[in-house]
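Chain naming follows the written order as A, B, C and D, and within any one chain the residues start at number 1.
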Amino acid sequence: MIQSQFLYRVYYEDTDLGGVVYYANYLKFFERARTDYLRQLGINQSQLAKDENLIFVVRSCLINYYSPARLDDILEVKVEIKALNPASIFLNQKIEIQQKLITSLEVELVCVDSVSFRPKKIPNNLKNRLHV
Amino acid sequence: MIQSQFLYRVYYEDTDLGGVVYYANYLKFFERARTDYLRQLGINQSQLAKDENLIFVVRSCLINYYSPARLDDILEVKVEIKALNPASIFLNQKIEIQQKLITSLEVELVCVDSVSFRPKKIPNNLKNRLHV
Amino acid sequence: MIQSQFLYRVYYEDTDLGGVVYYANYLKFFERARTDYLRQLGINQSQLAKDENLIFVVRSCLINYYSPARLDDILEVKVEIKALNPASIFLNQKIEIQQKLITSLEVELVCVDSVSFRPKKIPNNLKNRLHV
Amino acid sequence: MIQSQFLYRVYYEDTDLGGVVYYANYLKFFERARTDYLRQLGINQSQLAKDENLIFVVRSCLINYYSPARLDDILEVKVEIKALNPASIFLNQKIEIQQKLITSLEVELVCVDSVSFRPKKIPNNLKNRLHV
């Protein structure tokens, strides 16, 4: 079964002097979950870069902050593929703590050449794995 | 004269193995420019927290990534206030390198109580300084 | 049984353009392990700050870098208490990947007042838990 | 004249919930100063990597923390070359705020091949620039 929720704890490094997670750092948790999700589908990004010179880069993010997360919290980070284009993936993500919504993210990833950063079609074998 | 562009250099800490600035780290540069912009208007956020228990937190971000920034690049980070509500500020920001657009951000900041995180009206003396 | 090894994965956020973990970021992994280790001994640092105004701050670090860690690596981070003084704790830590030594750390933590940052004796109930 | 002190401001991103700069983040400031120092001597590390496949990696760090830095502080980061070996550089660094010592660092950098990470002799043209 494909897992679409991943748990990560909040440590000192993630907080700022407001006593809560620093606003940019939620993007790190979102990215960990995307990476762990893709790995599960058999998509290893470091392998992809080495073998096919393809990397996924972020094209846009819409983040909403609902409630702050704090030290020692365990974040439940969710990943859902919303749509696939020839060269890009649209995902919806959420961070929750015990069913309380902390942050949401709509993100577009584009498949690009790792040197030129020009968009490339997502290879078919990869695309098939993303139709979950 | 009010400055609305701030320069920051890209260092190793900002990059990832793709050889470019890590996607979450652009939010750090955007925040440095907001802080430096507010300081210029006479708004010192650490003072505000201490004296009035008010802090500004980010409510939402819309980020578009156009072109990657790299080690040693000098980023020109722009800040423009778009609108003011009783308890929130809407800003448009851009990062450019020699007039090439790197990233854009639409961000909403909410004025909240530093303990309860409940929204608070922006004090008038502060609001007057933001009408630039 | 007390666990003294903790596993953390390397993500994009941890790497720099050299393709390996950025040198400062190993300190984050070391700290996660210390926090998880203390939590296991029943020492909750956020509770300690709230209830007794005590925090542990780092006084010194000696880090040796032996071999680089890379994206997707799973780091085995070890924690060992070496000595206890009235107000400080000396720890030895290591990061390994499948028994290959990546980094080592000798670190001194000092117990301080969370407002004045002045050293304070480690409370006895806490000290007893550290004698492992 | 060669400048050996560089100024960097502390922003939100650098702090943690203790209200002070997070212990790993001082290493970022130290590295910015090393990079700016080398750039001044005509040593551009991204160029060096591209042209000669050489990078400098950190071999060891001894950090002492004397006094915490806080939001909005302007850090004075100093760089001094202590010794040169065929393949490595030893530097002493300090962070001060208005002559108050915040942190000190003794760091060894090793010149390595950017792919194999094996030590390489520092090229003579580079070495000459380091004899300051």
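To be clear about the criterion, contacts are C-beta pairs under 8 Å (C-beta built on N, C-alpha and C of every residue); 3 or more make two chains touch, one makes a residue touch a chain.
Note that the coordinates shown come from a computational prediction; the quantities given were computed from them, not determined experimentally.
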item: Contact-richer chain pair [C-D vs A-D]; value: C-D
item: Remotest chain, chain A as reference, centres from CA atoms; value: D
item: Euclidean distance of C-alpha centroids - chain B vs chain D, Å; value: 27
item: Chain C and chain D: spacing of chain centres that average the CA atoms, whole Å; value: 23
item: Centroid distance [mean C-alpha coordinates] between chain D and chain A, Å; value: 32
item: Interface hub residues of chain B, defined as touching at least two other chains; value: 12-13, 18, 20, 24, 28, 31, 70-71
item: Touch list for chain A against partner chain B, complex; value: 18, 20, 23-25, 27-28, 31, 55, 57-65, 67-68, 114, 117
item: Interfacial residue positions of chain D with respect to chain A in the complex; value: 12-13, 15-20, 22, 24, 71
item: Touching residues on chain D, where the partner in the complex is chain B; value: 9, 11-13, 28, 31-32, 35, 39, 44-46, 70-72
